[in-house]
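Chain IDs A, B, C, D, E and F follow the sequence of writing; residue 1 opens each chain.
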């Protein structure tokens, strides 16, 4: 049985990590869909799809090497009603969907998928992490070490601060 | 150092397999780009991007588990001049490109990449394999076992025969 | 003479119905354009174009069988300046446009069409009906019977409530 | 029960007419999908979607007024695998598909639809009619009267001859 | 050496004019990119790309005939990360970029361009000019004479007032 | 009065030059539309739109400085019927169209434009020039000097030879 986990991962944080860990206890294979893959260099979506692939890829290499995990970038399309069919054409087949986004949940259910609301790990929010970075507050302990190092490497903190200022213009 | 290998993989055959094996001797990490990801259900491109991801994923699980290999579907875009920038936004960064397609080679060189023409393994051709399937000729020994089994599972032989007939219409 | 009537019809209500009735008194043929046809499964645009075609189709079957009415889904395009030419390529020719939307009015006038502001039937608003459904208030008497039954059949009330909650996230 | 009939209708000829007549004997409602709706002004696709809607609409008004027939323009999309989902979002729901195109047949079957190969009426071919028009040969008796008159009205014969010459350039 | 100047120019005002004059003192050649070229007939983007080309073209004819100035319409694309490559494929090569928009600045710097923040001429703002027009306040002295005359010619004042009302709906 | 001249200009040759010279005798202003602007790096369309803008721009600087000439890149769109409206939104207004392409002629005439078939200068053909370059034959005397120098500067001869080989693959 293969599971699907959908997110934007801007960035991939410890809450995401714990969900992947939970899913891996039950499933041998997992497809992680990196949504809104066409977005980058905005405060809401600072990282390119390729950067998000690498960020999550490093975490998997370190922690889930024995699992079969597919990382698939999926761009948004205008028509919500087509989105699941669009995603299906880009990913290996899956039988269960993990998401907390109610629209994603509804769209998969309409197409006959079983949707599970994953356990919620309080205190982890990508939007909060972006704000912390913009305001020079602590965020290191909210993401896996590999993600922290990767964001440092590519100058991600500075990028997020710049993009925050752009929003203010 | 991370390498990039570009193909359509319709289907992934032993020639592709041997190139991946060669690259893995030299590089720790590899990005395999599944090109023309928007195409499927034509004789030239019978499999969806998702099916190609799964087909190659099974080969990797069996043979290259210790390597870090990213499988990234990339759709075509109309403007050749933009294609490399488009691909860069979807993949982890890479420093060497493996391809035998002269246009792909040229487009990467224009952007400053080092391009290597991989060793050519004679006798393996995706176009030839599709024709063999359409004509009920032997093809099992031209692809990795995992690919053969996967194509059987999803009714790929019958699909290719149907699509061949459609071309004749 | 053929008239054109443009709307999103999310849903088609008694105000729309009365306008169609008025137009049918003067014109033998009518093109009803279902705008924003690419949108669905949002609180603002809950129904697919196909569902809107069926919803209006049932009303026409019941009430305007003797008229020639075309129902044409038209997707939005980014460039307002191109929208009328885009619509012209999808619809039978028409000589008069009925609309109350001032932008639609302006865009047709720029292209030389005669635009008529249809009579306004107070008390009917699609946006208000969606809110009523979301808040469990009465709405049955605001739409034609056929529309009410159709929305019931496809679980439209529940869908609108779900989509409203999604907006709140 | 509602049936679906898919074609490009360049132009709508007596073969199409006889199929619609056959379907109407069995079904109360019919959705006619006008495919490749984005194409026009080529020798292969001389008429806009709007012109094809009007051409077929006149035939329906004259011959099938008592039936509920929906005429829906559907543009091509690049990804064959998505095409049925795309069409579903634009049309009222249907339970049986009539087509002789083997790719269309396959794509609907993959999605679980029942596909019927309609009776074939020999001697009617849109491609042949376009060639006859281009070569000043007889074609009037190959299409319904309403279609012949409509094509005359919009200067369709001259357009097809011009487009044929363009092909030769 | 060739410079690049990016803006939406809705409309081209005296602040833009003074920047072009400044750049022309240092550079022989200038590429003016008319951004968001797909937008028109909204209060934020009232003029089509073609109208903006003509508006700026008249100013250049009158004031900068001895310079080589290219006016290139460039549509937005969804992926910020691709935007500079997209622009490069549409314009002559350039070595310096003039912009005050911090996102544009960042995107060019990421691709290795030198970006100069042009001198800011206080008191000129396209958004302010559109509001003045909408509110029947003085704006003639804020734009070059050629722009004022051109906007009069095409009925631009009335268009902006109409579009402002549309926004209010 | 402003004229419009449409071409792909792959490359801009002496035949094009002579037509521009002829038009400039009659008209003060000219819009040159660089068609298929999204194409590049194919044997049929070797140069990007930006390169074509610069190539023609240098010829204009040298030979037609006293004229007002706009160079506008226009991408293809799928729907022929929409192409003229699409072009109109990107260019200054014009009253006469110069073209020898019969489809372009037809599409402008349908929209009410006056179309003039420009004088044909025998012996100049972009397709022939690309073949000559690919086959190491003389081509210098078939293009304006500025174009020859520019193509040399950007390595255009080598690019065209490479692209020719790619076609052979």
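Annotations for the structure displayed:
Throughout what follows, contacts are C-beta pairs under 8 Å (C-beta built on N, C-alpha and C of every residue); 3 or more make two chains touch, one makes a residue touch a chain.
Because the structure is a prediction, the values reported are computed rather than measured.
Any chain that touches subunit A and also touches subunit F is listed here: B, C, D, E.
The rotation that brings the Cα trace of subunit B onto that of subunit E spans 180°, given to the nearest 5.
Of all residue numbers seen at the subunit A-subunit C contact, under half occur in both copies; the interface is built from largely non-matching residues. Listed options B-F, A-D or B-E contain a single repeat of the B-D interface, assigned here to B-F, on the basis that more than half of the contact pairs agree by residue number.
Centroids of subunit C and subunit D (each the mean of its C-alpha atoms) stand 26 Å apart.
Between subunit C and subunit F, the centres computed from C-alpha atoms are 44 Å apart.
Distance between subunit D and subunit F, defined via averaged C-alpha coordinates, is recorded as 37 Å. Shown for subunit D are the residues in touch with two or more other chains, namely 40, 48, 79, 81, 88-89.
The touch graph of these protein chains has some other shape, matching none of line, ring, star or complete. Every pair of chains in contact is given here: A-B, A-C, A-D, A-E, B-D, B-E, B-F, C-D, C-E, C-F, D-F, E-F.
Subunit D makes touch with subunit C in their complex at residues 37, 40, 48-51, 53-54, 57, 61, 65, 68, 70-73, 88-93. Touching subunit F in their complex are the following residues of subunit C: 79, 81-82, 85-86, 88-89.
By the touch criterion stated above, subunit F contacts subunit D in their complex at residues 78-81, 101-103, 106-107.
Subunit C makes touch with subunit A in their complex at residues 38-42, 48, 159, 162-163, 165-166, 169.
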